[in-house]
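Chains: A, B, C, D and E, in written order; residue numbering restarts at 1 for each.
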Amino acid sequence: MPNSVISSPHVPRVNRVDRVMLDVLLALIPGILVMTWFFGWGLLINCVLAVTFAVAAETVVMLLRGRSPLIALRDLSAVVTAVLFALSVPPILPWWLTLLGMLFAIILVKQLYGGLGYNPFNPAMAAYVFLLISYPVAMTTWLAPAGLAEHPLSFMESLRLILNGTLPTGFEWDALSSATPLDEMRGKLDLGQTIEQIGQSQTWGWLGGRGWEWVGVAFLLGGVYLLWRRLITWHIPVSMLLGLTATATLFWAIDPHTHPSPIFHLFSGAAMLGAFFIATDPVTACTTKKGQLVFGASIGLIVYVIRSWGGYPDAVAFAVLLMNIAAPTIDYYTQPRVFGHGSART
Amino acid sequence: MVIALKPKSSPERRLWRFHGGIHIPDEKALSNGRAIERAPLAARLWVPLQQHIGAPGRPLIAVGDSVLKGQMIAEPTGFISAPVHAPTSGRVVAIEPHPVPHPSGLSAPCALIEPDGAETWAELPPPLADYPQLDPALIRERIRWAGVVGMGGASFPTSVKLTPGTDREIHTLIINGAECEPYITCDDRLMRERAAHILEGVRIMHHLLRVRTVLIGIEDNKPEAIAAMQLALAETDMGGYTEIVTIPTLYPSGGEKQLIRILTGKEVPTSGIPAQIGIVCQNVSTAAAVADAVLEGRPLIARVVTVTGHAIAEPRNLEVPVGTPIEHLIAQCGGYRETPRKLICGGPMMGFELRESTTPITKSTNCLLALAPAEAPDPEPALACIRCGRCAEVCPAKLLPQQLYWNARAKDLDRVQDYNLFDCIECGCCAQVCPSHIPLVQYYRYAKTEIWAREQEKRKSEQARARHAAKQARLERQEQEKQARLRKQKEALAAKPAAAADGDDAKKVLIEAARQRAAERKRSDAAGQD
Amino acid sequence: MITKAKSILLSGSVLGAFAIGGVTLVAVTQGSVGERIADNQYQAMKRKLDTILPAAQVNNDPLQDHIQVSASELLGAESTQVYRARQDQSPVALVLEPVVPDGYAGPIKLLVSVLHDGTLGGVRVVSHHETPGLGDKIEEAKSDWVLDFTGKSLTNPPLEKWGVKRDGGEFDQFTGATITPRSIVNAVRDTLLYVQQQGETLYEPLDVDTTAPASATGGQG
Amino acid sequence: MSAPQSYGHILSGGVWSNNQMLVALLGLCPLLATTTSATNGLGMGLATTAVIVCSNGTVSLVRNLVRPEIRIPVFVLVIASFVTLVELIMQAFFYDLYQVLGLFISLIVVNCMIIGRAEAFASKNRVDRALLDGLAVGLGATLVLTTLGGLREFVGQGTLFFQADLLLGDWAKAISLSLGDDFHGALIAILPPGAFIGLGLMIALKNLIDQRAKRRQVAAQPASAQPVTAPT
Amino acid sequence: MLVAILAIAALAAFFGILLGYSAIRFRVEGDPIADQIDALLPQTQCGQCGHPGCRPYAEALAKGEEEINKCLPGGEALVLALADLLGREPVAMDIKEKIPSVAFIEPEDCIGCTRCIQACPVDAIIGAAKQLHAVINSECTGCELCVEPCPVACIQMRPIQEDIQRWRWPYPARQPVESDSAAPLRDAA
């Protein structure tokens, strides 16, 4: 008898995990569309592959753990992980790297820690970093955006490239690939060019690299949707973007010839995706409001530092993972003042 | 008496906001359309002999006694204690454990009274209509005698709350008419129908506490109640110090600490009471009961109960004697429209399930809620916490519910206290918004009762240690004394030879006889079992 | 009091005894294998030099025959060793240790041999911090890239073609990384320029006075 | 104190059940830094074994001479002497391996595994037991180092016991294994993060094996005093 | 070479002397750990651990002479607490935990021999020679030490009844799917 006692509240619950995840996927749609526009079918192929691999991996692990896979699949978290991963990697990544990444994300980073809610690291970013460190060449070979590419890949060409590694006839890698804006900035600054000279290049657009700036805008849009749906609060995205902006502004103010403007930083690489979709992953982020501000701002700062002086061109994944480790500690030291504690306003 | 010269303060009174809270469908329209009705007497009344927080009362009746309406059947045994009176005249058929309204569904001692239908009143004390001229102690004594306890659910003896310590000045009396839980409308109806009576009670409490201000907080989803109260207030001379404050509807603004925050901007310190910041808070029903006790000399033996929920055929508010079984109330409301999924005592956010249809109404039962399956669907299996933080956003105590949850779940009773478990008011906001459908409040309640049990065990073990030490010390002392005696005896023995003592033999015979007796009984027991 | 002092002294002497024992043990071992170790170190360095020198033409010991030069502009370091390889006193090649200051992640130390005719005998990377998988292909163990330098000179390719292909030069960059190969190509070119500038002075024999200490330091490599 | 452990117990404890690296997580510095290949791991393991056997033996021999207050300095002195000895010998006879491991060989001095065994075991046990314990612990460490090294080497560059001849002589070229140049190794395995991930997986594997064994044992005979799982 | 040896020896001797002095100068007396253990023990003084009372068991534990699973009234929770305090591996209890009980003296059979009174470690039994004895329920620790000495076997242990005051909220039955994992890693901070 006593074990059947069920505590209040006795009302229907208003939220559901799977709806939260579905909303996140919805918010990603503009970004997916824009990226597909600029970088071709490969992106969508990668999404499909990643989702398939992630769901398969999750199913297998749940079966091995002696549980119903449906419980884990129903919450759609594996799908979100897969899509975020596919959006972070080059759109022509060989299929087996996507497979490796998803196995790493789902098995090692998520399920070995206990599944959704228990993983200290963001699975998509951990997989990204794992692949970036292991296979840096494949992971840094980006396509040139539409309008700059000599030869935009057709659907079949992309598929062949991803599954087989077959290049379209008559084209070399160098003709298809192009450095990302961050890479190019770093490379040309290193050659001694000034920001103004670099900005003259045709690969440069309005806010950042051609094409890339619109990707950033699309993710910003999705982020606004998440904010409006109250699935995330402003704290992490705003503090992260502010952290990045502030650091970038400081160095830009010191020497605008050798340090790109804050606008460039905001609309290059994964800054927007990271701010709204990755750093805000509730499982691995800080949970207290003050903590979220510290968390976000630190990510922004670390992104700038790694972008400017680190060994890899973009840094959002590294920054997020680093702060994931710090999140519990930050949470511990930023607990809110509980009602009736300390100096209450009177 | 303060003479009202100053006009009532402006209606634009500043209000404060507490952290979090949620908006939920209030479902009050189900039951607030009908006037309070007096329910006919039930055939049997189970009157719990303790209906308050504090020291249990001492029963004054025996099985077979006849009792009169309003006769005291259990007397208080301490300062924080309250008497219980017979809700009607009749005969005490039994005094035995019976299910009482409690989350455990366990039984507690109750007096089973069979009404004689005559409703003969016992001799009541005289009304104290001239209370302003009387010694406040006398009035408090009357409220104490009447067994008035907090009727919003806490059931804390009201007379104690109305006895402020000498060291602290109480400046504000807050009357809680917020009634923030969905479904419940008993305070709403009471304010609409008996506003003047409530204000009489408020005036008595104002007199006792000598406060400067009285604030009556009512949520803005009860415009009729606000209007009725304002109308009644205009007809009294209390306007100079009393203000009816309309507050925004937001659950749980009816929580004592939240209401104080809304109305005054002050926070009751943790594990403290409102009196520490010069405030006393009382429920509107309690105010009415105080008026009954002082102005009419009547003890608290009946109350208004909302009987509602979509499973009830005709939801309404009933005025019922304490001790009435809930099945009787449901029958008075036309029975069930459909089989209820759950029967709840109290509101849906903080109430608890009732299992026995004979469970009686007590002084603090404000609502009986029969929820249809659509209103309270079976809880889905909980999913893992994804740390989304919604719970922290809605927590009115500004706690970190998920940290409490992790630690309560891991049964880490120390750390769960580090996260201020005992500031949780169990309002249920966190569980309501949790996307993983984790029964958060139950984890907190589990942890709280475990901690209490552990502390009790610790006290007990401390006591045992002391008693053990005392026994050791005593034995040692006795041993020394014995040694000393033996030495003396030896010296004496040296003088003259001793006579054999035969006391021991007598003892042995006795023990042998008893041993045989016990063995006999064991044999017969064993035989009986075969 | 006496026992206390005694126990304190006992502690000191026991510890002291162990120290003597331990150090003696080490000292004895060092004495017996010291020469062998020095020889190992010498051989290791020599093997390294041999891979980038035309070993058949060298009959002196370049490790014994070295000078210290200072040319931070072209060699990237405040002071650098230059080992001279000769055949019967006639110059064969120089081995320099330039430092590439502008690698992608910090300085890169090189070993460059320049034959007497101005062509490269070989280039090797001694230490670096480049990104694993990208920039670290400059290591001989990871990629053949660094071997391409052998045989090149300031005229082959011409000076203006001393760059990576992406900058219009003659040298390959490797996929995913441009900065690292670019810096190394530049550094090797500068080394060649330095050798050209200095000409024969780098082969001048050492004074008798400086030979002894130089060989001593050379021995420790 | 409890009765002296049996030889079998000492051996199995050092190698498996109380493996200093997988269970006590001691000596992580060499474990993580030197296990980029099976050969390196083996070399480090053998060096550590040599030091720990010598230091355990010496400490056990002098255990009654040494006063508690200077116990630790004496242990450190003993260990430091042996480490220097090993380093010198390595430089003299395995110079190529020394170039790879050199820095970490000196760090064996502060390997808490060795001082831990000296303190926890050798200073309380007879010399034969101490030597056996040193050998067992050293073997356990070697096992872990070689396995982790092999794992990282295999995943990272698709080879096993590459350059084993540096340590073991020319015959060892026979045990070298290579998947060929087409293998795309996960570079992370050889880099520092791979060491942590690999160690974590090895600990998990060991716990899994132990759990299985325990379950089998429980199934075979009703338990009397099984350890309960710690709440961490 | 000799210089090196002598220098090291001198250094070692100096530090040895320093340590020898410190060992005498900073010696700590007493054993506060036993107090900490004693505070954890349930103080039933039942002796089931094989020691005459809780304090002696605590002292034995502090010296490392005892297993941490000997205290039956403390149960598994105590084993874990002790393992935590002493840094030892938790060991399972020998016997299942008992339901909390108190002693009850059958009034009809009691002969007033006072043997149970002598046995009770916490003076929870009142009575005098040849008088009926009674157990003070609130003081009884349920140690069962009185059961054995009773010559007429009139003492039984009765489980404590659950009532509203003693009732505890049950641990939620509706567990998240990963219910079997232990305390989450995130809590380690």
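Convention: contacts are C-beta pairs under 8 Å (C-beta built on N, C-alpha and C of every residue); 3 or more make two chains touch, one makes a residue touch a chain.
Because the structure is a prediction, the values reported are computed rather than measured.
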item: For subunit C, the least number of touch steps when starting out from subunit B; value: 2
item: Chain nearest the global centroid, as defined over all protein CA atoms shown; value: A
item: Label of the chain whose CA centroid is most distant from the centroid of subunit D; value: B
item: Longest centre-to-centre distance from subunit C, chain (CA-based); value: B
item: Contact-richer chain pair [B-E vs C-D]; value: B-E
item: Separation of subunit C from subunit E, taking each centre as the mean of its C-alpha atoms, in whole Å; value: 68
item: Centroid spacing, where centroids are CA-atom means, of subunit A and subunit D in whole angstrom; value: 40
item: Distance from the mean Cα position of subunit E to that of subunit A, given in whole angstrom; value: 53
item: Multi-partner residues of subunit A (each touching 2 or more other chains); value: 2, 5-7, 71, 114-115, 117-118, 133-136, 331
item: For subunit E, residues contacting two or more additional chains; value: 12, 15-16, 19-20, 23, 167, 169-170, 172, 174, 176-178, 182-184, 186-187
item: Subunit D, residues touching no fewer than two other chains; value: 67, 69-70, 73, 77, 187, 191, 231
item: Residues of subunit A touching subunit D in the complex; value: 100, 108, 112, 130, 133-136
item: Contact set on subunit D toward subunit E in their complex; value: 1, 67-70, 73, 77, 223-232
item: Subunit B residues within the subunit A interface of the complex; value: 18-19, 24, 103-105, 182, 257, 261, 265-270, 272, 277, 342, 344, 346, 348-353, 369, 371, 375-377, 379-381, 383-390, 392-393, 396-400, 402-403, 419-420, 423, 426, 428, 431-437, 439, 441-442, 445
item: Subunit D partner contacts - residues on subunit E that touch it in the complex; value: 12, 15-16, 19-20, 22-23, 64, 69, 76, 79-80, 83, 89-92, 94, 182-183
item: Subunit B-touching residues of subunit E, taken from the complex the two chains share; value: 41-45, 53-54, 109, 111, 113, 120-124, 139, 141, 151-154, 162-164, 166-172, 174-178, 182-184, 186-187
